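Right after this note come the structures.
Each of the two complexes below includes chain A, the first together with chain B, the second together with chain C.
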Partner chain A sequence: MRIKHKFASKMKTLATGTALAVAVLASGWVAVPQAIAAEKIKFYFPTSVQGRLAIIMKEVVAEYNKSQSDVKVIAVYTGSYAETGIKASAAMEAGNPPAVAMVGANNVLEFVQKKQIEPIASFLKADNKTSAEFLQDFWPGVRFNAMVNGELYAVPFQNSTPILYYNKDHFKEVGLDPDTPPANWKQLIEFGKKLVRKDGAKTTRYGLMFPQQVGYGNWILQGFVMANGGQYYNTEYPGEVYYNSPTTKGALQFYDDLAHKYGIMPDTVTPSSQVAADFFAGRTSMMIASTGALGNVRKNAKFKYGVGFVPGNVRNAVPVGGASMVIFKGQSEAQRAAAWKFVSWITSADQLGSWSRASGYFSPRKSSYDMDVMKDFIAKYPDAGVAVKQLKYTKPWYSTYNYLAVAQPMGDAFQAVITGKSSVTQAAAAAQAKADELLAPFNNVAGYPTK
Partner chain B sequence: MSSGIKVWLYLTPALFFLVMFTYYPMVQVLWDSFFFKAYGQETASFVGFDNYARLFRDPEFGVAVKNNIIYAVGTVIPSLAVGFGLALALMESTRFKNFARAIFFFPTLVPLIAAAALWIFVYFPNIGLLDYYLAKIGIGSTNWLGDSDIALFSMMLLSIWKNAGFYMLFYIAGLQGIGEEYYEAAELEGASYFQRLRYITLPLLGPTTAFVFIIALIHVFTYVDHVIMMTKGGPIGSTNLVLYYIFQNAHEFNDAAKATTSTVVSVIALLAFSFFSIRTMERGIHYES
Partner chain C sequence: MANTRKRSFPAALAFFVIISAITIIWSGPFLWMVVASFKPQTFGGLDMASVVPNFMPTLANYELAWMSADFVGLYINTLIVVFGILSVQLVTITLAAYAFARLEFPFKTFLFYLFLLQLMIVPPILIVPNLKTLVGLGLSDTLVAVMAPYFASAFGTFLLRQTFKSIPRDFEDAAVIDGCNWFQILRYVLLPLAKPALVAFSIVSVVAHWNEFLWPLMVIDSPDKMTLTVGLASFARAAEGAADWGLIAAGTMIVMLPLIIAFTLFQKQFVNSFMFSGIK
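Showing the complex of A and B:
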């Protein structure tokens, strides 16, 4: 400790000395401007779907820095949603948190539990607004994940749902109507069977693919479980998951059938990068992926593509996904003010709208869609409109205690079913047992909802 | 100044950093492994060997250990064999062989994280480098990283490619250290190439092999970048190695106790294994005096 302190003070002396020397030298030549230095704040951001967005985000932040002189935001790209959560949390524990971070919407609960982020109400007070008034403009589907224990902790920034992308040329080729995507699971199988191409025993074209890495794959599965009429987790109490329920097992059975009974999708695990590449190369006729991939598809699909709702079974239902802005504790008063100023700007209807158009995510603010520029955009790209229309079927993203650990056993379970390593019954039971064990210690955490 | 003081003076800078960054953290981790801090609790409480009991009950830890052993055997032995083969072929210094050495050594210079990014493309089904060329000889596409039966072997191949050239360098140095007179004598006696290899080269390379073996072993237990980059331990935990297990528990699963405990277990295992393998191998090694 002493060593660290000594070293730090030495560095400080050195830095001050250098600064003084530079100032003395400079003052001899030019008048030093008397401007008040802008408040510097750090901003961690991830990209989940495409690397291109990291570049656009840097441009957005540069634009903000140029637009005013009070705040200077330093944007730091921190990898995936999960990585950004880990890094921000670790930086907080090391005493050097970012002022603002964009984190996975279902990561908010964990930050609140670790007492690392500020409630938004404290900032709204200055604007004479309540959280409820503030949330009025946000789609109902995105509100839930921003709240913990009835209090607002995050401002939704980019949101998405799973959506069905399909290759219209392939539909035409096999005699399907290119303007009618499959509406339910039955049609998904029926269409899928028609679209599969084989060369002997080898499949050269699959009917359907979707991301199956742990995390992304859990999100897609949550959609299938809800479409099958059930719940993936307890929205009232984040210490319970329904991995072994009949509806979850039904969804897993559907995976099993798609991979093994009908051969519509591969019987190996396909990550999102592969799904997108195979869709662009025409090796799968349909894919289910985030609406956040819309921008990417628009740019890379060399064929006519269509977009439709994710097919339902007993109902249409998709989980909301995406990321929200949170403000970290441990800031000075000036930094707090600067952080809120930046968050207010970047989550304005105008900014959210232009981010939506650049990325494909939908804007969490309703008023973004009242703007003419947005109306024109949707007229030009109707697929963006489909994403918005699907909003009425959205439900909250699974957000449990210790969510990464709890997601892992379900990830292992659906991968085991897809690869034929385990039966549905076995996989679901094992995942439930492991999740129950992980969630047991949370039954009695003071200050949090219990069973 | 007495020579004793001088020795310590020379050692101080190195010792300082070793203590700060190696031995102190080791002791700290050992200490921490006897404590448990429940989620949401402010303080950790002493739990004795509970964390160890919990670790050994965890089937995922068993899977990680098993994977790591398979991965170690499947990586260390082939990369030593390939390294030795390359060294035999490229031992003499000619212009071509120097160039070839540089080619085979090159993967060592590539950071593992970059190599992993590269190999994601190599292993990409259908359009990846591997599948592209395999298709030309009539072999269909394979999901190299997405098939839980194959993924670990795909990781091994990457490691062998990455490390064999490095081990080749040690073997070349070792081979060049063997005196010509042994071979001349053997040739006079009419020993065949393989007899010379078996009775002169291999025994005299004993110290080199022992050294390279330990290096290679440490390598497979302490490098995990490619797992994080390529598979995240999946599918279904089939490429989960002990170090990744530690990483996940520490950073993703909020289980620092399990992470410290498994660190202690793996460090002890690695130390014990290095110790015994050096001992056993030394018995059979001929050191030149």
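Showing the complex of A and C:
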């Protein structure tokens, strides 16, 4: 029977496939022998500013592993900040947590709330230090996000603020002083109007762009709201946001004016990758972006660029961003010790300094800037110095319960204002209503968790 | 053209225009990616979005991408995962589909719908429960853990059940008269006739698991057990800075290449399978 014969061979393939699958199954169950003296710990890290930093991070960890024989760190790339948070949390719940993870600075609260991370004080005790003493060397702006209810839970690792990048060639072309970036909103509009280029009704060059995807855009907006004198969340308590306050609405109105009244920025939502690409291509003369993009700008701008403070309105103020190292619960005593050893090493002034030079993030430790390598570097790249000078205006990154969900309505609001789909009043009111609803379950229940 | 029906000229023209438009729209991003992957410097210049090559092609992006990850290891892991899932799925869906199509047992329809409900569950919801199970089984950080949640497929079972149901009973009756038991019927009668459905399902399964990102990212910790998508993201993703499009395009090409080659080689068979499994 022909059909029979043909099918027999098919079944054979199927059987082989199954055998293969069974073999693979079996191999997974074979325990891997662990005949190594060094304490193995897992370290989760996300992609930061640019993808290639993930490769540098692996090199840094390899260097650490080579430098000593007590601890062997396994560096695990874990996607974006959000994915790293999900993975670390899920692994913890499943009973298989990493020893150390690098998490978004404003995610620390959530891990504390879920009782998943260790307070740093317990490790400092062994070194005979208090948290306050330990934090002495860190810039005041980065301390807040590492603490929950007065207790230190994270060690800042890479930090950034928004900063203004501008194209000096364009400034010269329109008769502006290439060494004087706009200092306030009024000048931003004035300069912006001069820098815009039009071809008929079509804008071929914008005055200003900044990232507007949800998340990154919220962080930038926080800067504008603070520059306008306000704060769009309760800095004392993470269960309340001020999306409908006069200062927030003022910032949104400024967006509306930039996009529609003056046409200085596009009336479409621009994600960070487009903003940077447009800046490099000369399609926008100024951009506000993270200092973490400095390395990237240094490498890719084919023109003379300048860096300045983000223009203020009633005051200068920028939020701090970036990531911190946290140590997870559920470790053995030896693993805990190994984890702290690694965290201490990677957050030393020396390591933070070299990471800062490779990435563009600023080092959260003041002492990194006392080192000669750093002084030489800033002499060579003055833009890195501007980022440091702006540090005196930094304020904490907004961090609330259920952060990702609460950020969404504000993201929707500023996007709707930029695209002209909604008025400022409507958008702000809608965002506030939605956020209140999301935060309601956290209010009037037991507040901060205890250890 | 294989189509023997004769169209009137305006109809043929309209058909041609619509098909061309769809093809161009569909292939645009892909063509752009191919061009970008060979572009020397992909940031500056207003021509970044250009699909028309206007430069000396360079392999620099491919070189950089290839150096950025252990692609040989990533390919092997991905192949093990994809074909491991598929081979187990083919066994489970065949048996399940046969049961739902031909056997009689209490609450059959109810159980079948319950089974189909699986299609409506958003996979990310299952991340924590699945991880707990796998850690409990001692399978965390293994390729088996990447495969395990997909060993049973509601979609495959549904597709194959419908195919079995469309095969006339007469064939089986004839086989029974010849003395076949249920397994022989399945083996010699039903499965050969369901081949197009099996091929169609295999393609969907392979492509889906080849492209999967979140679950492997959640399960795998060891860099040497990563799959292609995770490996690509580890060097090509940008969070705050500008995307290095040349590198991303080249890396994506490397990831896609085996699938593209397979599809080009077996295009005819694939298309036929989809047609048959759809028509029946």
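Throughout what follows, the second predicted complex is superposed on the first by the 410 of 451 C-alpha atoms of A that agree within 3 Å, B and C clash if a C-alpha of one lies under 4 Å from a C-alpha of the other, contacts with A are read in each partner's own complex, and residues count from 1 in each chain.
Note that in this section a residue touches a chain if its C-beta (ideal position, glycine included) is under 8 Å from a C-beta of that chain, and two chains touch if they have at least 3 such contacts.
Note that this is a predicted model, so its numbers are computed, not measured.
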item	value
First, second, both or neither for A:276, with chain B first and chain C second	second
Touched partner set for A:368, first chain B, second chain C, both or neither	neither
Which of chain B and chain C A:421 touches, first, second, both or neither	first
Partner chain(s) touched by A:405 [first = chain B, second = chain C, both, neither]	first
Partner chain in contact with A:296 - chain B first, chain C second, else both or neither	second
Touched partner set for A:253, first chain B, second chain C, both or neither	neither
First (chain B), second (chain C), both or neither touched by A:81	second
Touching partner for A:266 - first (chain B), second (chain C), both, neither	first
Touched chain A residues, chain B compared with chain C	C
Partner chain in contact with A:442 - chain B first, chain C second, else both or neither	first
Shared chain A surface residues [contacts with chain B and with chain C]	86, 90, 273, 277, 281, 283
Residue ranges of chain C touching chain A (in the complex, touch as defined)	43-46, 48, 68, 80, 83-84, 86-88, 90-91, 127-128, 131-132, 134-135, 138-140, 142-145, 147, 187-188, 191-192, 195, 214, 217-218, 221-223, 226, 230, 233-245, 247
Residues of chain A that touch chain C when the two form their complex	1, 3-4, 6-7, 10-11, 14, 17-18, 20-21, 24-25, 27-29, 31, 42, 46-52, 54-55, 58, 74-81, 83, 86-87, 90-91, 93-96, 98, 160, 211, 216, 272-273, 275-277, 279-283, 289-290, 292-293, 295-296, 300, 302
Chain B contact footprint on chain A (complex, rising order)	82, 86, 90, 113, 202, 212-214, 266, 268-271, 273-274, 277-278, 281, 283, 401-402, 404-405, 408, 411-412, 415-416, 419, 421, 438, 441-442, 445-448
Sites on chain B touched by chain A in the complex	38-40, 120, 124-127, 140-141, 143, 145-148, 232, 234-237, 248, 251-255
